[in-house]
Amino acid sequence: MTVTFLILAGVTIVGMAAAMSLRNLVHCVLSLTLGLVGLAGLFLELDAQFVGFTQILVYVGAVAILAMFAVMMTRGAAQQQESRPTSVRISGVLIAGGVFLVLAWAMCHGLMTLGAPVQPEAEVKQIGVALMRSYVLPLEVIGLLLTAALIGAGVIAMEEKRGAR
Amino acid sequence: MLGEGILKGLTETARNFFGSYVDDERLTTVQYPEERLEQIEATRDFPFLVYDGEDWEKGMRCVSCQICEKECPPKCISIEKSKDKKPDATGKAQFYPAKFDIDISVCMSCQICVEVCPFDAIKMDVVYELSTEDRFGGLLLNKEQLSKSNEYYNKIHPTEAGAVDAALAAEREKARQAAAAKAAEAKPAATAVVGAAAVERDGTK
Amino acid sequence: MNGSVRMAGTADQIFVLVKQWLMGYVPGALQPLASAVLSVVPVLLVFPLLFAITTVLERKGLGRIQNRYGPNRAGFFGILQPMADGIKSLTKEDIIPRSADHLVHLLAPLLLVVASFLVYAVLPIGRNMVIANLNAGVLFFFAIGSMVELAVFMAGWSSRSKYSLLGAMRAIAQMISYEMPLVLSAVVVIMAAGSLSTVTIVTMQATYTGIWPHWYVFTPWGLMGFVLFMIAATAESNRSPFDLPEGESEIIAGYYIEYSGFKFALFFLGEYLGMFATSAMAITLFLGGWAAPFSFLTWIPSYIWFFVKLLALIMAFIWVRGTLPRLRMDQLMNFAWKFMLPMSLVNILCAGVWHFMAAGFVRWVVVAVLVAGTCYLLSQRLKRGKRVAVRTYRFAS
Amino acid sequence: MNPLTGYVFLSALLFAVGLAGALTRRNAMLVLIGIELMLNAANLNFIAFWRYGPHPEALTGVMFVIFSIGVAAAEAAVGLSIILAVYRHSKTTNLDEMDSLKG
């Protein structure tokens, strides 16, 4: 439990909580970005350099910008007042709190018995070799998935032609 | 081939770049405070008042007719007519402007005041370094600042001023002749009147 | 002979040695902190200085290209111009629009400058002169570089001005479109070097056959990759001819129109720092980093070579800016998606072919034909349906 | 305290925050962001277990996270484009108002 961990954890939690509770959608996305950067920092703290940088590249560079674009393009709807009944809100928070309690309880009773941590080596080269040897099928599948998602997203978001229904 | 035009453009700019160092003809920029372009004769910017002779107060051509004040599109001229009359350059008693202000920060250099002036009293100047630190008063010129001699006018716009001077001289000459003729006529006319009266008198007789 | 080599070595490593000597005076507990400060502070000083030099060089160069003098008043030949500009921007009033989002408005330029400075951490400026030799250095570079888009969006959105929002949208669309060719054209080098570490990539290029260096730009795929990388870098740093996001004649200054004074200067600084960083990355990936161009020139210190190459690329940027007119939005997007992206993908394929063929003349010919042929086909496709003719103006005479 | 506990605890907290957001907000965009948060919480778990687990050399956790990030990116792209398409059709991003099956 180092100071770095505490700071990064604080940044992450504050960012994420703000992303879920702020009123202005753009502020939500910006604080989400803050939380994701904090999370990337946590990955770096855990010696997973490659994953940390990938996290920043994909989430900050692509997903946050994408969300931003979506927010700007649906601006007409953003003005509507958020007025969900209080009962729904309270029950939602209660369910989330319950899930957290269950997870925390499981943690307290489950995983205290792990061995002493050894410094793992996650050289980028090893990751590459693993991707090309033992994980080559998932890699292909994810490539296919991303291509399908790219085309699909383009088709869905494309302007519908008049009369072509 | 893709990029052909880009290469052409790049060679052109490179030629400009190196050419500007060897060939001074290419550099057309005038380094302003040290060197200046000669002004063409038709240059104009802000109006000034012309006076004849040596003393600006005495020789002022303006008779405070206030036509320019009325015609000025942005209303930058403000004139106060005098109560009394003073002799002008030709010695004739005339009204004169008690106050004559032009706010050249408002003036748009349209030259309408010059066009409408029947006395050739207001003309366009060519000075341009007029910047001032006083934001409100610095560009509000009064009668004294506006007055400039006819010689100055002849210097900045020789052709135009020559024509104006000639026209004015002709007019004054005509006025003088008319006055002289009148003066000359006045005597015979007076005798004629007297004569007529005498005739009448005679007739009634 | 030996002495001169050692002398050259000392000159080459002078900054490293100075740092070691200074570290000798630092108590043990503070060593990591002092080391970090000693590595970071020179970078924080040198590159803004380079920014100052570049602004005056750019203005003078553009002036000469257009047959003007350029700035020549402040100081000898106008070299003090950046100082005058700096003082001016520092003393100017800092205006924030009333309806702006104040916090985001303040954070945007800071994020831009911080992100621009962060990428210098992995750029090797000379032999043994890099702040952090990361395993995934190239990835770090692109990851941090992508944060610039966020700063641009924050600036554009928080100003509450239609021009800045338009500029930000244009900038983001452009940056996202060109980020893909940028990364993909860098992939060929990563494939060849087998490493994501910038230091390893440069070390691999710092060897010689005879007098000729092993730079990646001297291979068909390397040359193509370099060209693609530089085009994408121009677009990423919003420079002419890709300066739609801040096109002065259309949307005034784009996303930073509502900024003034020091914040405006920060945007300027961040933009130029980004340009230097991508240029330095191009040098690192394709032009051999700090390596000398000929084996008999290795006695010149490595950092000097780095900055010579950097200045050469900056000159190229200025030259291109002085030459090309601004692209239209559809031309920009067409070029990114219909030429740059397929070309960089084919380029990766070519690099693969190169890797698996035996070294020799045949490999050269095959890969060169592949690259040039694809380039030709794609450019024909790009030109299709377009009449290119000398434009005549009816009333020009 | 075991460092692993801290990470897992944080991950559970992030998951709960994401869940609460997805359940209480009714803007489709924010629900999507909440789901992203839960995915990220799981990623943190993977990395933490990889780092402090018995077989870090197997790289399983890292691999899982890399694929998870890929899937999340695809999900975000498709999800946001669906939101855009729905918005274009019914002029709302409010989930409660998207209650009509008729096109």
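The chains carry the letters A, B, C and D, assigned in the order they are written, with residues numbered from 1 in each.
Criterion: contacts are C-beta pairs under 8 Å (C-beta built on N, C-alpha and C of every residue); 3 or more make two chains touch, one makes a residue touch a chain.
Given the structure is predicted, the values throughout are model-derived calculations rather than measurements.
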{"item": "Neighbouring chains shared between chain A and chain D, ordered by label", "value": "none"}
{"item": "Chain nearest the overall Cα centroid", "value": "C"}
{"item": "Chains most often in contact, by C-beta pairs", "value": "A-D"}
{"item": "Between chain D and chain C, distance of the C-alpha-averaged centres to the nearest whole Å", "value": "34"}
{"item": "Between chain B and chain D, centroid-to-centroid distance (C-alpha), Å", "value": "80"}
{"item": "Euclidean distance of C-alpha centroids - chain A vs chain C, Å", "value": "30"}
{"item": "Interchain centroid distance [CA atoms averaged], chain A/chain B, Å", "value": "77"}
{"item": "Where chain B touches two or more other chains at once, by residue number", "value": "none"}
{"item": "Of all residues in chain D, the ones touching two or more other chains", "value": "none"}
{"item": "Chain A residues counted as touching two or more neighbouring chains", "value": "50, 54, 62, 69"}
{"item": "Contact graph of the chains (line, ring, star, complete, other)", "value": "line"}
{"item": "Chain pairs in mutual contact under the definition given at the outset", "value": "A-C, A-D, B-C"}
{"item": "Of chain A, residues touching chain D in the complex", "value": "1-2, 5, 9, 12-13, 16-17, 19-21, 25, 28-29, 32, 35-36, 39, 42-43, 46-48, 50-51, 54-55, 58-59, 62-63, 66-67, 69-71, 73-74, 76-78, 80, 82, 84, 88-89, 91-93, 95-97, 99-100, 103-104, 107, 111-112, 114-115, 117-118, 120-122, 126-127, 130-131, 135, 138, 142, 145-146, 148-150, 152-154, 156-157, 159-160"}
{"item": "Sites on chain C touched by chain B in the complex", "value": "61, 64-69, 319-320, 322-324, 375-376, 379, 382-383"}
{"item": "Touch list for chain D against partner chain A, complex", "value": "1-10, 12-21, 23-27, 29-30, 32-34, 36-37, 40, 43-44, 47-48, 50-54, 56-57, 59, 62-63, 65-67, 69-78, 80-85, 87-88, 91-94, 96"}
{"item": "Touching residues on chain A, where the partner in the complex is chain C", "value": "26-27, 30, 33, 49-50, 53-54, 56-57, 60-62, 64-65, 68-69, 72, 123-125"}
{"item": "Residues of chain C defined as touching chain A within the complex", "value": "104, 134-136, 139-140, 142-144, 146-147, 149-150, 153-154, 157, 165, 169, 172, 176, 179, 194-196"}
